[in-house]
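Each of the next two complexes has chain A plus one more chain, namely chain B in the first and chain C in the second.
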Partner chain A sequence: MLLIALALLACKREARELRTDPPATDALNGVVPMANRINGGLPRIFIAQGSPYENNAYQLGQGKRLYDWFNCKGCHANGGGASGPALTDGRWRYGPDPVSIFLTIRDGRPHGMPAFANRLTTEQIWQLTGYVRTMGAYSAQTAAPSRNDEMQSRPAENRAPAATEIRMPPSR
Partner chain B sequence: MRALATSLALLCAGCTGSQTVLAPMGPQAAQLNWLLWSFILICGIIWLLVMFVLVLALRYAAVPSQRGERRAAVIVGVSVAASALVIIVLTVMSYAATRGLSVAADDPLVIRLRGYQWWWEVTYTDRRPDRMLVTANEIHVPVGHPINIELSAADVIHSFWVPNLVGKQDLIPGRRNDLTFTASRPGVYRGQCAEFCGLQHAHMALLVIAEEPAAFEAWRDAQLQVARPPETIEQEAGRTFFVSQPCAACHTVRGTNAAGTLGPDLTHVASRRTIAAGLLETTRGSLAAWIADPQTIKPGNNMPMVTMTPEQLRAVSAWLVDLQ
Partner chain C sequence: MFAGLRPRRMLLCTAVLLASASGFAVSLQSSAASDIDVGNVGGMTLRLALPIRQTSGSAGRAIFDHDRLFVITPFPHSVLALNLARTDASVLWRYSPRADGMAAGLATGHVTTDGAVLSAGRLFLNTFDGHTIALDAATGGVVWDVAMADVERGETLLVAPLAIDDRIYIGNSGSDFGVRGWMAALNAATGRMLWKRYNAGPDVEVGIGEGFSSPYLPREPDLGVTSWPANAWQQGGGGLADAPIYDAPLGLLIHTTGHPAPMNAEQRPGANYFTSGLFARDALSGDARWFVPINPHDLYGFGAAGSLIPADIHWQGNNRAVLIHPDANGMVYVLDRSSGQILSAHPFLEVNASEGLDARSGTLRGNPAKAAHVNSTTRDICPAWPGATGGTARAAFAPQTGLLYIPVSRLCMDMEARQASFMPGTPYMGANLRIKPPRDSNRRGALLAWDVAAGRLAWSADESLPVESGVLATAGGVVFYGTLDGWFKAVDASSGRPLWQFHAASAIVGQPIGFQRADGRQYIAVAAGVGGAAGAVAQKEIDIRDATAARGYANAIRDLKPAATDGMLYIFSLP
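So, the complex of A and B:
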């Protein structure tokens, strides 16, 4: 009996939400940024939905696909940085929290980060936000995006810390 | 008796149609069809023989004896030799029949077919770069002209199989496979991805439309044109919406600023018979339904739901259905 009960526990599969309803999408777009457009309040619906863009493997996997499809790689490489800053080193010009990253992708940043508001849907921007946060995470997570198709150039996203080398703090 | 008749009728229904190996419409398919029937015939005869001998053996069980054993050894020896012979003959036959399938013909029309989850990108090559052509989910070919298909895949393994024309061949990421076929009669032949490739594998069909060379050239010239300009104010609004929204990041419409390559080319989307890889017939209604909510129609596919107002949806569908 116990064994069967245990086996049945494994039947619960992670739910995949393939799309959000339009009102939910509008609500998800309603982040409340601080005046300097860094950090701010998460939309209430983000928490109400159970933060799927933080802990749902499907959403993170979609983010990973979009990171490739929308050529974030062209400027940020696999996270190590190129003409754009590194995303895996744990240091953020505009803050590590979801709202800052969401605003970065949606509205762009002055020194060369293009705005994606007209090229990605709100849902996709959140998927990317979640994925970018797993790239630079300092603690391990159980939800992970799909495996790399190419050779692995850094530790997998669900392993922490993501940064491969410990650098000295910036001396400013 | 009636059951027999129904099952026979059902069986025969498989002998005609636009997606069957039993109605070959080209030399390659005819060869494969011949191979299939020879195998069925040879193996059928062997099966009958074996059954006959089995019945004999059961009916007249032999009394063990010295002479009987020697005879048994001879019979076993002869059977082994016969089996080996049959296998060799079948091997040679299948080699002969499939040898020509991936050999390039003289002066073929070269078409590149790339598999995506879950649609097909079709590229017509030409020595003149301005006559290169990209379309999706529908391959037009001239009757009687050898076609060389170069198969590749963008994400996972897919498989090309249009049974009326030619046998199966996989599309493999990072690799090119070649396939040669000729359509000998005009018609519409259906194919379907034949290698499981994810959630929407079952909704990944494509059509091969074989037409007379003149009709094919006319089709090709029409497809080479840029998208026709909008005629009504509504269509104009549809185009403006399309190029300023995420649609343009994924789709190309030649003649506009939309140049994305993540989804099917839509320059002449309304000239194609179906949308979403064979899922829906192309009408204004189906276009609007698809754009309004692609994830409910084909769950998990790679086109997101873009939020828009009913007016915007009407406008964009009015424009797209005009892209003949």
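So, the complex of A and C:
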């Protein structure tokens, strides 16, 4: 009994940072994009914090909620795309890396992507960036967002098969 | 049975056309005058195949006038004027308006254009990014260009203008973005706005006052405000759902209104007037004359989509001026044009979202088991959100057979309503949608022939994919329509018997037209190019592993491949 209790104590619980410090938020906005606004350098604090928006389940779960709340679904569906392009097919018009996606959400892109700089905080844009990158699951991830509590329309994040053309029977 | 060209010969023919110096060249000269009819349509051959540099849906209706053919391509638009008097049908002029690229992200459903309209030597067109433009038909020069819709808010102009006398009528689209719908009249000479009336809001803005009457509405002021939660009408949608029509003897402009926003109906308790209905307005003043609520408190985003067809028919012993309206909700309505009274309403295919018409209120009795609720999924709602017909699928009525030819989708859907937040310029939807094919997925669409007087189905021609093209019914008793798998078909108007077919390079969602040249010979023209609501699966970066992709079409249409070629314009005639 005691041994089990000790073993459980040894487990490291994933930290949830519920509120970033204002100076950290400022620093997180400091991406260094390439001249064409695709790809670039991550803010140093992003890596210093241990890249929480890439591998912290809480942050990815928050991103998933924002994806629903901020009308991303209206254009991108649950990742499969509609009037906007798919986010799960491994093809990115403006780059697949975190800086590109962060810039896409913050500043918008030509051909229809609106800017969310005035609608989301920097922290929220990073949470959303992290979640968008888990949707396609074309690379192994150590963290996954929370489970779906709505209509199941595709394989769960991080459980999806590789992004190749798959002929699945329609949902009945 | 098909006396049309064999595929191999056709391929060779097309190859020759494309290889020629001007891109296409087949003689348009003809020898004998002839009319296309049931007996000879089987021998119809291709006369011209013109590549249109655009892969997305060519839904527009080409316009024929004095041996010129005007073609408008989808967004970003180009207008072409072709000279049919020359054997190579050379381009007289080409006009490409400056396009606002942001509009490309707003094209939910049909990423198409509806075409232009020609009146008094001028060509009037609506651009998807919100401009109404008048061109000199002889030169292609811009006469005027006015910005009518704000793309930043998700507002677009999807439906072609209507030209009557010296006035141009236009209506906005953007119900999916919570844009408040309106109808406006412009001065054809200058582009100056004569009036603008909204489809929701206070009576003074809707144009309701003296001279308005409707047996189907409560007699209360400001229904466009009181039938909504506080201020919800301001972002309540209701833009134009389909092409308006004009009744000259009555001086009435009759138009549809689109679906209310958001799609999640629990967020907007009330009847949500005057969305999802039919409006008749005085064409000169814009004042409302009557309104018929077709889908009040629209649960499924149908709007009142579907063609408006004026007809003067023999109705129960009398000659009557009626309006025939096959609606997205799966019913054919026959209304009196002067009063808006519903004379009959029958379902033209199997529906379970509604259980027949309530004659007193003029609206359908909803099926409570198929209502959508927040955070719960309602399964197998028929028809699905794009509607049983409507959009690019335009019906035609043939007076000589008394039949209405309706291009239909036989699709159902699962719908989960979600709380939607309104942010201008982003979709105001609040729904997870998953469209389902019928059990027999080889009959997802059809062309139906509906006997209007008898209120029953005369015949049907099943199609594997939803039929999204317009229908052309000719005086010769032939009905033309196109399919998403690229067939352009001619069938017998009275029996539906297949008479002729042609395989196009891409899906057909356009409106076929027929015209007669000075030599007396009849021609049929149609544009190909995948598009329409269902065609979205094939033309955007869509991942069908997500069943809700392309508004749920990804679940029902997995066999439509992106077109390998540009859009094409085809012209046919008898040899």
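Quick note on the criterion: the second predicted complex is superposed on the first by the 149 of 172 C-alpha atoms of A that agree within 3 Å, B and C clash if a C-alpha of one lies under 4 Å from a C-alpha of the other, contacts with A are read in each partner's own complex, and residues count from 1 in each chain.
We take it that a residue touches a chain if its C-beta (ideal position, glycine included) is under 8 Å from a C-beta of that chain, and two chains touch if they have at least 3 such contacts.
Source: prediction; values computed, not measured.
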{"item": "Touching partner for A:Ile47 - first (chain B), second (chain C), both, neither", "value": "neither"}
{"item": "Partner contacting more residues of chain A (chain B vs chain C)", "value": "C"}
{"item": "First (chain B), second (chain C), both or neither touched by A:Glu150", "value": "second"}
{"item": "Touching partner for A:Arg119 - first (chain B), second (chain C), both, neither", "value": "both"}
{"item": "Touched partner set for A:Ala15, first chain B, second chain C, both or neither", "value": "neither"}
{"item": "Which superposed partner A:Pro85 touches (first chain B, second chain C, both, neither)", "value": "second"}
{"item": "Which superposed partner A:Ala7 touches (first chain B, second chain C, both, neither)", "value": "neither"}
{"item": "Contacts of A:Ala35 with chain B and chain C, given as first, second, both or neither", "value": "neither"}
{"item": "Touching partner for A:Phe70 - first (chain B), second (chain C), both, neither", "value": "both"}
{"item": "Footprint overlap on chain A, where chain B in one structure and chain C in the other make contact", "value": "69-70, 119, 149"}
{"item": "List of chain C residues in touch with chain A within their complex", "value": "101-108, 111, 176, 375, 377, 414, 416, 418, 420-421, 423, 425-429, 432, 434, 436-437, 536, 540-551, 554-556, 558"}
{"item": "Chain B - residues contacting chain A, complex", "value": "155, 173, 244-246, 248-249, 262, 293, 295-296, 299-300, 304-307"}
{"item": "Complex contacts: residues of chain A adjacent to chain C", "value": "68-71, 73-75, 77-89, 91, 93, 110-114, 119, 149-151, 153-155, 160-161, 163, 166-168, 170-172"}
{"item": "Chain B-facing residues of chain A, complex", "value": "16, 18-20, 22, 25-26, 69-70, 118-124, 149"}
